[in-house]
Amino acid sequence: MSEQSLAIRKFSDLANPTRFIGLAERLLPWFSGLTALLFAVGLYLCFTTEGDYQQGETVRIMYVHVPAAWLSMMCYTVMALSALGTLVWRHPLADVSARAAAPIGACFTFLALVTGSLWGKPMWGAWWVWDARLTSVFVLFLMYLGLIALNRAMDDPGKAAKVSAILILVGFVNIPIIKFSVEWWNTLHQPASVLRLDGPAIDPEFLRPLLVMALAFTMLFLPCTSRPCATKSGAGG
Amino acid sequence: MPVKLHVEDLAARRGEDLIFHDISFVLRAGEALVVTGANGSGKSTLLRALSGLLPPETGRVRIEGAGSPNLAESSHYLGHRNAMKRELTVGENLVFWQDFMGDSPDGNGLPVDVAIEALGLSGIGHLPFGYLSAGQQRRMAMARLLVAYRPVWLLDEPTAALDASADRMFAGLVRIHLEKGGIVVAATHQPLGIDGVRELRMTGFAGVGDVI
Amino acid sequence: MPVKLHVEDLAARRGEDLIFHDISFVLRAGEALVVTGANGSGKSTLLRALSGLLPPETGRVRIEGAGSPNLAESSHYLGHRNAMKRELTVGENLVFWQDFMGDSPDGNGLPVDVAIEALGLSGIGHLPFGYLSAGQQRRMAMARLLVAYRPVWLLDEPTAALDASADRMFAGLVRIHLEKGGIVVAATHQPLGIDGVRELRMTGFAGVGDVI
Amino acid sequence: MIALFLRDLKLSVRAGGGALIGVLFFMTVVAVIPFGVGPDLNLLSRIGPAILWIGALLACLLGLDRLFQAEREDGSLDVMLMQETPLVLTVLVKCLAHWTASGLPLVIASPLLGLFMNMNEVAIGATMLTLLVGTPAITFIGAVGAAVAVALPRGGLLVSILVLPLAIPVLIFGVSAAYAAVEDPAPFLPPFLILIAITLFFAVIGPLAAAAALRSSSD
Amino acid sequence: MIALFLRDLKLSVRAGGGALIGVLFFMTVVAVIPFGVGPDLNLLSRIGPAILWIGALLACLLGLDRLFQAEREDGSLDVMLMQETPLVLTVLVKCLAHWTASGLPLVIASPLLGLFMNMNEVAIGATMLTLLVGTPAITFIGAVGAAVAVALPRGGLLVSILVLPLAIPVLIFGVSAAYAAVEDPAPFLPPFLILIAITLFFAVIGPLAAAAALRSSSD
């Protein structure tokens, strides 16, 4: 018990708001530079690899679609972890990061939805079909928006944080549903070929730009969430 | 074992503002504390912090000799709102609270009709609560204190809307409760009509209360 | 032309019971009437009957010298409930009532910030009403009486939840209103702190009140 | 009166999140349907107008019961009853504010949802038009129910019996006008005109009845 | 606890036709769909279970937002929060009472509506069974939404937005179990068991999360 609380205190010491701001301020420029570089390389790779013999040029949508889809889920997972942080350790930064992550997650989800439907028109002949993968992502989008709406509707930030943390945790059931929907139900959508237990089953030709883009998106996510964290925790005390 | 209430260094916050801090006192069985102060000075906030409904900023509230050390479980809280359903009759409301709250292990609550009688409202137990006048509603809310025994009473302006005779009757109920070894903490603007009570004067934003 | 309030043979019923009957009085500009009586004796019922919210069983209420003979339109009613929205700020609530109620043709209401000032709450006009303490809420409800002028004030336990200084301040407001030629009818359990008011004692079920 | 309209709008924005919520709600309801009926796009586009109308009805019903009850509970209704302003006008303005806050966003969002349901342009346009014309009627009917509910603390039964049967004609003419626009043989105008007539009728009757109910409920 | 259950039942009966408004809304939804689909009886009977499920889901939303808000407004919630009885249990019992008053009537009314939709006996029986098993899950999920929005005076729409996405799995498995009972190749039991599992899961998670939300929003 006491050991645990000691560990928690250390953890909070490390992530205490003022130190965090200092750290964030020093690292942010580097992050931004790195992100830009990664995007440049990624985009270059995207447009230099050759098209798929089946899908032609549309395959390039994948380089945006797949990272966006991954990040939409990762963002929610980060929010769920922050929610745990709010409820269990009552860490001041946790709810700020959860709040900052929600709109970004909504953006990524939106991007995945849009690129997905752009891709779906040539591949399936319709912008939108109600299959399990697509709908569960749509539900994720709705949940992001619901959380944002809840946060805006409640005026006491402390209470809003706790209450939305609870909701985030309950809503986490959706993430495994998204991930495994392609296996549990027979859907039109592609089953996983990269994030699999038995290793990626995709041509390295496509894998390389994909991974670079994924990394670039992730780097985009970090400063996007940490900047509001820094400013808000600085202002909120 | 007689009950004893310890409050140590209590501080509470509303929104951004620290409403009070460093409030400490000890109340023994049979003692009453009256909390006074101007409007907005933090009386209700103190009572809610004591009852555990508002998580205090710092400090600790502890009760000895009442089973669990958790004050919420061995106290009655009577706030500004009466905690009664307008659609149910007075009797139904009281029977519900008696069943729901149960009784503290050693104490014994009064039967519902005796409690109604004690509050001087014998004729109207069959009326829906929403039909009563403001003062009658307040009296009924007090009957809840009698039907399920709790050693500590936390009362927020209990006598608002009461007429003079009800004031006296209420003072009598409090006196009986104190004699049985109970503890009363009450926030009021009017004197309660009981002798020998201690007083805690709240002074509002970040002021420190002092027990007289 | 100064206002004059005529009440003739008023009787009102709640459910099956006739709460009072044969209440008659005349109030001239600058006069105040205090309605007293035990809980449930019919004070609130009388005020609601005066304000036209409860259709009286028999009798008539009439006002002279205030445009229409309908008392409702030229009076303020302050009931047990504050008629303010918890989600809006104090200022927004008052601005709304000022716009909605308009002003009586000859009188003039105070600007909202002056009214807030007059109630001694200048610091908190920007807070949502739901954040205020019980006494602060009651004070704000009184500010409504000031922002739109009405010659007659019908007040139901106006000083419930007020502290001593607010009591005095309120007495001051009533005195000013009377001096301006207004009329006040107030139901209370505590003395209002104004001299020379008449008193109407309600005696409950089918009792007759007598003006002293 | 503008003050009342603005206040009610402000209240619904503050407390519930505003127009965004209405649209979100609608999207959620529409997203739920395909899970039930299955992803058959043809079927979806066929039942699309009906779904949009049901979503709108539900959105209007949610929160309608509190239209006057909230005013009564905090005492504002008493003050409103006492004013010189005719009560009918007050009720009308409250209805309009309620519709603006909860009906209008649905109307505006309906084309987007029509796309989700794979409806064609004509169907989308027709549904949006019928929603625009028809949803106010639901609010007006609902106001009567809400006013009656305020009157009788135990009369909720009456409200539902009153509101939904009256709302069904609105729904039926709305939906059939939307279909008529798509399917050739049936003419669009007759059901649409009937819908307009219903709305105008309830715009008069609704506030009048609601005001009468409110007056007789005060005590 | 039985006292709480009985009180909540009594309240919903006294205070206004909670059960009836649900059933009426349910019937309205079911009555309107045929207009969209057209009088094709085969199609109607095919999508029947789905329509019944969607109607039930939407009907459960009505009045859900007041589950804890009414308690909070009159101060009862404060007293409940202070008791020794675990709050989770209180929430559970309130959910059960709410379901008995507003979910159970829907289940009971569903065979009648099944007849309207021209469904055969097996389909009606299966739909009723899945509704019986599945609707409590909706109430439990709804309790989380209601607890989260307890401090928001007009949370009606917001509650539905928070609740519906989580309720979608219930709908999916409820409908597919009902279909499986009718269409031969698909086995009835697996989706039905999953439905039971979901309900049990939310019977635990729902009250826990709702209790946590209630605690953290008290002030």
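In this document, chain identifiers A, B, C, D and E correspond to the written order of the chains, with residue numbering beginning at 1 in each.
Rule of thumb we're sticking to: a residue touches a chain if its C-beta (ideal position, glycine included) is under 8 Å from a C-beta of that chain, and two chains touch if they have at least 3 such contacts.
Owing to the predicted nature of the structure, the values given are computational and were not obtained by experimental measurement.
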Both-way neighbours, i.e. chains that touch subunit E and touch subunit A
D
So if I superpose subunit D on subunit E by CA, what angle comes out, to the nearest 5°?
175
Counting C-beta pairs in contact, which chain pair ranks first?
D-E
Determine the centre-to-centre distance between subunit C and subunit D, using the mean Cα coordinates as centres, and give it in whole Å.
38
Report the inter-centroid distance (CA atoms only) between subunit D and subunit E in whole Å.
23
If you average the CA atoms of subunit C and of subunit E, how far apart do the two points sit, in angstrom?
46
If you average the CA atoms of subunit B and of subunit D, how many Å lie between those two points?
45
Residues of subunit A whose C-beta touches two or more other chains:
135, 139, 142, 145-146, 149-150, 153, 156
Note: subunit B residues in touch with at least two other chains are 14-15, 80, 86-87
So subunit D residues touching two or more other chains come to 11, 14-17, 21, 24, 28, 31, 35, 38, 73, 153-154
Would you pull the subunit E residues touching subunit A in the complex into a rising list?
144, 148-149, 151-152, 155, 158, 161-162, 164-166, 168-169, 205, 209, 212-213, 216-217, 219
For the complex, which residues does subunit D have touching subunit A?
14-17, 20-21, 24, 27-28, 31, 34-35, 38-39, 41, 44, 115-116, 118
Inside the complex, what are the residues of subunit D that reach subunit E?
11-12, 15-17, 21-22, 24-25, 28-29, 31-33, 35-38, 43, 46-51, 53-54, 57-59, 61-63, 66, 70, 73, 102, 149, 153-161, 164-165, 167-168, 171-172, 175-176, 179
Which of the residues in subunit C come into contact with subunit D in the complex?
14, 48, 51-54, 68, 72-73, 75, 77, 79-88, 92, 95-97, 99-102, 144
With touch defined as at the start, can you tell me which subunit E residues reach subunit B in the complex?
1-4, 7, 10-11, 14-15, 73-76, 78-85, 218-219
